[in-house]
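Next come two complexes, and both contain subunit A; in the first it sits with subunit B, in the second with subunit C.
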Partner chain A sequence: MIRMLRRAKPRAVSFLYLLPSLAGVLTFFIVPFAQIIRYSLVDNPISNTYVGFDNFKRLFANAAFQRAASNTIRFSAIAMPLAVVLSLLLAMVLEAKIPGKSKFRTMFLSPMMVPVASIVLIWQVLFDYNGVLNNVFARFGVLPIDWFKSDYSHLIVVALFLWKNLGYNMILFMAALGNIPKALVEAASVDGASSFRRFWQIKFRFLSPTFLFVTILSLINSFKVFREVYLLTGDYPYEDLYLLQHFMNNTFKSLDYQKLSAAALIMAVVMALIIGILFIVDGRLGKDVES
Partner chain B sequence: MAGITLKDVSKIYPGSTGEKAVDGFCLDIKDKEFVVIVGPSGCGKSSTMRMIAGLEEVSEGEIHIGDVLVNDVQPKDRNIAMVFQSYALYPHMSVYKNMAFALKIRHLNKAEIDRRVRETAEMLGITRLLARKPRALSGGESQRVALGRAMVRNPAVFLLDEPLSNLDAKLRADMRAEIIRLHKRLETTFIYVTHDQTEAMTMGDRIVIMDRGLILQNDSPKDIYDYPANIFVAGFIGSPRMNFVEAEVAREGGIVVAKFGVTALSLEKTNVNKDVLASLVGKKVTIGIRPEHISVADSVAVGEGLLGASADIVEVLGAETIIHTDMPGDLRIVVREFNDVPVKRGQKLNLAVQLEKIHIFDIETEDSITVRPGGTPKSARSKIAKPEPDSGGEPDASDNGGGES
Partner chain C sequence: MRNIRFGGRWLKIALATLWCGVFAVVFLLPTVLTFANSFMTETEITANYGAVFQKNETGGKQFISEQVNLKLIPDKVTFSQYATTLLKSPDYLLKFWNSAILVLPIVLFQVAIAAFAAYSFMRTRGKLKEILLFVFIFVMLMPYQVTLVPNYLVADSLNILGTRWSIILPGIFAPFSVFILTKAMRRIPKSLIEAAKLDGAGEWRVFTQVCLPMCKGALFSVAILVFIDYWNMVEQVLIMMPEPDLQPLSVFLSQINTGEIGLAFAVATIYMVPAILLFLYGEEYLVEGITYSGGLKG
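== the complex of A and B ==
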């Protein structure tokens, strides 16, 4: 065997080493993904009749999908930029010489340590119809609001998402801020740059790889917020909170694999497109500053 | 163009338990003067420069640029330019944009920016580099660009923070000369921080030597070399460093001598007040003799003292030979011999000492007792260090040899 390996070309040997992980990736990613593509193009997994883009047409005409997609886009469009910008701002505030810095840092990181089920419980205690907030409002004569079935529901989930994710993003930004060469920022201030210009023209260049990473992370996390919403409000929440994952979950339950596969493919393509654009932007901004 | 005045400036870093990184720093820098602040790592020289630049807050005291108190003035409003040790070129901008950055911020029109950048680039010989990014520059080229970025603004004061320490020895010597030429050409105040005594001796009109946050001496390079105010300065400037020997002052045959080991050297010719010399009899002092003031000799001439020693290590440098010698009493004396004297390891030597060049230091305060002709001795570890009225001007080339390493 060893003799055989020695005789084999190095390229073949390297493939041999890759085999275990390749098997894992093939089994859990590539094959299922290919299967999803196949499902999305056939009438059903048993008869396997090719129907072209019929499943996609059916999907786009589906009111539940439209609602779920628009809710998810709306949620990500609000939550993702907020998660990035607010965590960067927090990191910059904590970078400055302020008292109690480490306590603030721990405070913002603590939501990371709490399991999702407990987080959901806290927010239920706060926002339930009989929850703390309505109790406080009642003392001032304000009528109770069913928060999760109101127009505020979306904002509450955004707040929950931010509360959960800001700390980690902030730590990433703090590390990136700490890596910016101090002399460059000082040179810019001696050159006459205002603090805004110093941030935009010097610091931001160095932050751009982290900015990209945090943005992608926040985007993925914003798609994953379903977990919290599902635990808070169940299968069929208030229509403002009906997200793509609700749709997929429910479609899976009804065994409509074709529709589910088409939806999953659309989601994958959209995410790949967004991440691709982010990489192009980072390639331009981060050029020359990355060591 | 502006002079700078520092009045009792101190720097206490937060969390340093009140220890002063710079302690009561007083200095008047005249307009167009080239002042070098030199000292070992951690002596406070960079902190002082950073306070002048506005990059560090002044904990105590006042800094004036021209007539303006600048303690609370932002760096951008001080009209200073700084060259950093790491060059601090903006990596994502071309050389042209690096140089134009400060001018753009000042809203100069494009034609004026272009004129100034090209003029400066021409002066520094970096025109061909204008389109390049910093990562495509060598160390020497980066250094020139950093200088160019500072020059293009026509600042009132240039601050240079160890700008040559990242260059190799040859390039360092070239850039040293280049910076001296630039100073003459630009006629602007230069403050230069370094730990390299050769840079200090060759570049500055005036040298400020610092240790542990204090100014130990503030003088022209020649006076620093000839009349070091204390043991620290005497040992810091000059390479090989000054020989220090603990000696007892005694009177022998009517002559005041310094006795150490089995030797006695006359102190009568030193620049020490006769009364002071007489008062030293019976006391211990530290005497300092520069290696270049000792030579290998067969006989002693008038004005010379004789030491007997044996050669230990001989370093032949071509133009000179450094001889490390052992003397009775476990003393080691280094000799800098300019004549072509063949010396072998272990060889017995007669060393002739130029008696008038002997420095005497108080053994406790470490301050110099030697009197400076026509002036009072500089007080060691003084917090007050005003420039001498006549201390400006060119460093004397004949004495710079002492600073070469």
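== the complex of A and C ==
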């Protein structure tokens, strides 16, 4: 009996340690999420009549949601691959034993520490109608435009996103590159493998878990670019920059819980699907390395 | 043949260094410019950037150059913008305080609660635990556009909407730190814990005297990462706390008057300082923390 108690004890104690965190996550994230599922299926929280997928149909028919979703998808589709590829390039260049490697690392990482609010003044000076970029372009005879209200606005925001996020991704790739067994790469080059083949057939496979993680991270961070857009252009940006977070803010203001819940649920499902697919792809690529 | 290869190698390194140099300038310049501009007089700032920030004013009293003039070195170095911020416009200091009073409790308690949870995830690894950890990771991966809705509903039913608690409480329980600290704790050699147990140490002593000291680096790096994220908060504030009185500088800074651009640069610099200092003193920890965050498995 005593022996059983002693065996059970670590388990019980260990759950005790988990309790505060678990209670918080359940209270603030999981339980209300169940509420969201319920809200998304009823006509309003008071009468509680089940309406099936009406809220979702209403959401998808909403012009503001369509614009916000397509702008966000377009932004992420451009920003995510660039963030992965460019940070990998930076990491590989730094790995090439250049002088002052750690100084460069510090400099590349520094933008992630700078609060967006502190840096938007400079972005305004650069991209305003009377700004620096137009001055430079004027010398080549290009007519000035207001960059944040132009068809290029999303590309400017991509640039701001890359500025802030490349450093973090680069660190992840540097760590992964450092973990590739040197002997394997050397053996391949002795066997006469070109540097191109060495990359795709050896390094790429070892990097694949990091690829997965950096891709997911870039996707999540690409949703945070709302900060830049909001601080630069306010509640009502140029229509190309109207993002899902703008849509959520406006829906919060109108207290339309059904629409909010439907939107949050759709986004959660889409995120889960994307992350699931990435995991499956990663499982295929990384198979040879782990065995 | 060998010489050519040798020369090619040098060329490669030179090119790589040049490439990094160009990138380094691009990465550093905006921050350095903000810093440098905070030491300019209001007259100089207006002359340089008036074309951007004061389009509608045509008083003609001030000199505004038609073209924006991006300058690194001030004509006259002055601390007047800082003096104004610190002595004459308490509004910005108040907003700085708003930031601190939101962020510090979040960092402290998120890391503390997560350390307990991580210890638990490390000590026993049953099926239930693995499912819970998966749920934590899933919540961590959800963007604000998803998590703010449940957070808002709870804040509403707890009647804390519009107060600091509506931001602090969800921040404290965000599972990011749990994830990283669990990975750090699972790297502690099992034999160390077993040895402590054999010496008669209870769970509390193993936790406080073996695991926490072993994870000091990880704890510090998580704290830095959480700090940066919340020092930069925007989304939560707009939804939970729309009244400007309680807002942190990360939101309020953009509402600064166009006539006070010089001041804005000084406030922007003051707001960067805590983050930059943490970076300069804790870069190794930061890098360690980022490395820990890599990879979702084990």
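In this text, the second predicted complex is superposed on the first by the 258 of 291 C-alpha atoms of A that agree within 3 Å, B and C clash if a C-alpha of one lies under 4 Å from a C-alpha of the other, contacts with A are read in each partner's own complex, and residues count from 1 in each chain.
Note that in this section a contact is a pair of C-beta atoms (placed from the backbone, for glycine too) under 8 Å apart; a residue touches a chain by one contact, two chains touch by 3 or more.
On a predicted model such as this, the values are computed, not experimentally measured, just so you know.
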item: Subunit B versus subunit C as contact partner of A:181, first or second or both or neither; value: first
item: Which of subunit B and subunit C A:192 touches, first, second, both or neither; value: first
item: Contacts of A:202 with subunit B and subunit C, given as first, second, both or neither; value: first
item: Touching partner for A:215 - first (subunit B), second (subunit C), both, neither; value: neither
item: Larger contact residue set on subunit A - subunit B or subunit C; value: C
item: Partner chain(s) touched by A:106 [first = subunit B, second = subunit C, both, neither]; value: second
item: Subunit B versus subunit C as contact partner of A:27, first or second or both or neither; value: second
item: Subunit B/subunit C common contact set on subunit A; value: 97
item: Subunit A partner contacts - residues on subunit C that touch it in the complex; value: 12-13, 16-17, 19-20, 23-24, 26-28, 30-31, 33-34, 37, 49, 51-53, 55, 66-68, 70, 113-114, 116-117, 119-121, 123-124, 126, 132, 135-136, 138-139, 141-154, 169-170, 172-173, 175, 178, 203, 207, 228, 231-232, 234-235, 238-239, 249-254, 261, 264-265, 268-269, 271-272, 275-276, 278-279, 283, 286-287, 290-291, 293-297
item: Subunit A-touching residues of subunit B, taken from the complex the two chains share; value: 14, 53-55, 74-76, 80-82, 84-86, 88, 90-92, 101-102, 105-106, 133-135, 149, 153
item: Residue ranges of subunit A in contact with subunit B within the complex; value: 97, 181, 183-184, 186-194, 197, 201-202, 205, 287-289
item: Residues of subunit A touching subunit C in the complex; value: 10-11, 13-18, 20-22, 24-25, 27-33, 35-36, 90, 93-94, 96-100, 104-125, 128, 130-132, 135, 163, 167-168, 171-172, 175-176, 209-210, 212-214, 216-217, 220, 223-224, 226-227, 230-232, 234, 244-245, 248-249, 252, 257, 260-261, 263-264, 267-268, 271-272, 275
